[in-house]
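Each in structure tokens, the structures are laid out below.
In what follows, subunit A forms one complex with subunit B and a second complex with subunit C.
Showing the complex of A and B:
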């Protein structure tokens, strides 16, 4: 019958003349299908705990925000400190259109994409004129300015209490089923974002993206149309981030700028980018899950978490090898892979 | 092939390049020499579009390329290396050359693996094939200079601008590098405009020398004739009033 044998680094299973082996070290479980299956199966076991389900859904959404952000940071060669601007923009666009003009979720999605594209196209020349710290400062200010706007025009945006009662994208009739369906939607969105980002990063445009992140001027001398690339890598991730805003509006059915636009949300996103794997697209998912679990498990301790949360994050950042984040532990190094280098200050 | 007419460039009150004109013919190796701060690198930067020309014009194969964007100039067939090597630190040697292969010309249907194959040819040509998977930041100075050469050749240029390709190399490496540049000229049919401080090398390699001092051209001609010129000796070694 089946016989198992433990080798130094792998488990061998023999059945008749067939031999199967399983390598014990997790970094060699390089099977995307395995991980995707895990994501798909897990919620079926925790349908009784809606808070855990919501937490994982939020983690997926964080990954959905940070995957495009990672793409943007490498593609423009600049650190964007305000990714939540487009989250707010997308969220408010779809919420307001849905509440006041009665657009269905599909049409609000189209409107969200259009609005985010327009605004990011208008703002994309920032990537030409500003570099390094200045770019980070400009992008840092924009969401805060938007937050102020939601307070100033409080009758429309309802800055402090938030907008409520938007129509849901799916309604299965029971709250538990709805939670599960939102979980699956968020997983699918995350996987699609990951797929797109991965396809870009592994293509010829990915190599050029790496070159722009390394040295813009030399890339320009090699015939790369740097300005065009930078506009694309600013606009496209912005649209993806806007879609996450749309998703939040039509699943959680409340949207408040005060939750998503302030600095602490931005900090969380940047921490995910750095802890997950220094802006490598796969690393965003473990990073998002890690930060979400940590945040949730420390919440019960009350105000301590303002002290413990940063402390644990700093320890993790310092302790992880080569500064490559959680993904660096799992990642099997391949010589042609590009692990992005993040620098705020550039000459 | 390349025709430079009266180009001038000032930085504030300093005229870095003042009314320089000369031309480079197909298949030549032209040496651009001069003491430190003579404006050689500035001239090169003007040619590849990093700086904008104040007045004058640059023509390449009949087309006016004055003040074009660097990527357009690269697509027309001018490529350069840097005085201080500027590799893509976190990219491997092969990936760095691949970027040049993909973007140096309009190659819209080239896949990444095809480009990698092309790039490995250029790496093999400069003798870095064994280091293809080494990160650029781990290479030595000689290897970096060779990587720069491979990157420049990979954009399939017709005119190659070399900025002090020999700086910091020991005599053995320098002679290897010189052989490499000669065989590059032979194999790829490139014309070379070469800034160099190592006189021994440039005297051997160049068909013609152009001498700059304080941003102005003081002499042009075959190496021996240039070296005999009183003004050039004065520029390099100082005034002759010591002997008086």
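Showing the complex of A and C:
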């Protein structure tokens, strides 16, 4: 039987030996709710500007890729240089199943989750075998090998031009409404990812994540089943990234490996993590928005934007507080906050 | 027919392997001495091609242009990469890697902005024009010359590391920087030297392969990937490993191209490297020492 108990700042729910708590003190949830409300209201003012709506939708998707990535980097204690592998896997799985076998978006979602889970489970022993830089290098090679495959089997993957004409996840009849609906879907997906990642980070799982990131041997000594947790932190974020691939396929209705699998895209994700502030999953959202806004606003300058974009990012990366990023400017770090250290090369 | 194919595999294993050796030598050197995975290594190729071209375009002759380009390479390598990034972010490798990649991206796009792909670059670095045949295989003199240069440069580097005092210090640093410091090595000066040494082989390589390779602003990414694959396969920072890995990758590329289908050659090299990394974690010569 579930029992509830009201404490000063939280509601405690108990069921058997399990305990759940919900903080009711406004300072803990006021700002997230205000920001979420803002995200929900924004499209009402920009429905006539589909390019801005698309830009924010893309920013939300980037955040959806980097939130699990941040979780994965801390949970496995390794820097993943190839999160786009699962984006590609998810995208191609749903696109091919939809185009060739006529699967509906719901079934392609199920298939994407299964494929990403299976592949990530098969590859998860890499987190046991490879440490530090070697893990980063293996993960760097994997999406490039997949990209090569999309060119080799060009008749199936259409590596250069990509797959087109997949069925939309929602069709409201008018293009503007579709843009707005995709925006809201991306916001909901981002908020769900954020909520899940935050809950994991705050839970007992989160403590093990920190322990593994700090020192695997000490974590093992303290009774943490390091290998089991590393598999979880590799597989779960990979599935979430795969879902983003599915989303891209059924909203933009086009998917090309050449867009998402090369080093450039990985670099963009890595920059979002660094600029957003790797200490918190919340940091991924301002990071993604910053990178998207910057990329989009520079586009009007013509070809010089390709040069200015990395230049500005270098300046920002050097100027921002180390590791805390944009989120660090907003959120004052408390002594009790866990601040994960990312060491590529570990002893 | 099979005999001709085997001859082609053998000849091109030597040629590609030697060129790959030039491509990867600098990368392995930085990995071994500075213990840094230099993701901005591709800048060297772009600067070698476009740095020379910019001076030729300004009306200078080939040799003054090459000289000025080398000075530019040294300035970028020491001031931007070493002083600006490596020294400052040595303890924060994730920022270091991101910054080096961003600098690479910036230089590539700057080259593309000044000289778009459609403009083309024509470096007059052909030493001997024409082709000749070895058995049933026809190759160009320039290719052979590039391959022989690769072997020669590698030999000079090996002699330098094994027979000179500076080489000895660099080898000692690659084993333990702390111990070298204790024994009185001027580590900082040697790092400068290693940075300069690392730009020589890829610069020579770019100039040698320019007549028969595709010179375009994004060439650095592919060449850096090749260097990375070789460094990973050979064992990070180990020159012995790099030499063997270069010819291995050359053999894989030649073998797959001539005996199977050329479009599989990149994929085959990636898969074999991946398998080696999984089963032999540190590559062929693990240990992260230069020799």
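In this text, the second predicted complex is superposed on the first by the 314 of 347 C-alpha atoms of A that agree within 3 Å, B and C clash if a C-alpha of one lies under 4 Å from a C-alpha of the other, contacts with A are read in each partner's own complex, and residues count from 1 in each chain.
Note that in this section a contact is a pair of C-beta atoms (placed from the backbone, for glycine too) under 8 Å apart; a residue touches a chain by one contact, two chains touch by 3 or more.
From a predicted model like this one, the values you see are computed outputs, not experimental measurements.
Judged by the touch definition given at the top, the superposed model places A:189 against neither subunit B nor subunit C.
Using the contact criterion defined above for the overlaid structures, shared-chain residue A:307 touches subunit C, although it does not reach subunit B. Contacts of A:63 after superposition: neither subunit B nor subunit C is touched. Judged by the touch definition given at the top, the superposed model places A:126 against subunit C, while subunit B stays out of reach. The larger set of touched subunit A residues comes from C, when the choice is between subunit B and subunit C. By the touch criterion given at the top, residues 48, 50, 69-71, 74-75, 79-80, 82, 86, 88-92, 94-96, 98-100, 102-105, 110-112, 115, 133, 151, 155 of subunit B touch subunit A in their complex. By the touch criterion given at the top, residues 79, 126, 129-130, 133-134, 136-138, 140-142, 144-145, 148-149, 151-152, 263-264, 267, 270-271, 274, 278, 303-304, 306-307, 309-311, 313-314, 317-318, 322-323, 342-345 of subunit A touch subunit C in their complex.
Put simply, subunit A touches subunit B in their complex at residues 202-204, 206-208, 210-211, 214-215, 217-226, 335-336, 338-341. Every residue of subunit C that touches subunit A in the complex is listed here, in rising order: 35, 37, 92-95, 97-99, 101-103, 105-106, 109-110, 112-113, 116, 221, 225, 228-229, 232, 236, 263-264, 266-267, 270-271, 273-274, 277-278, 281-282.
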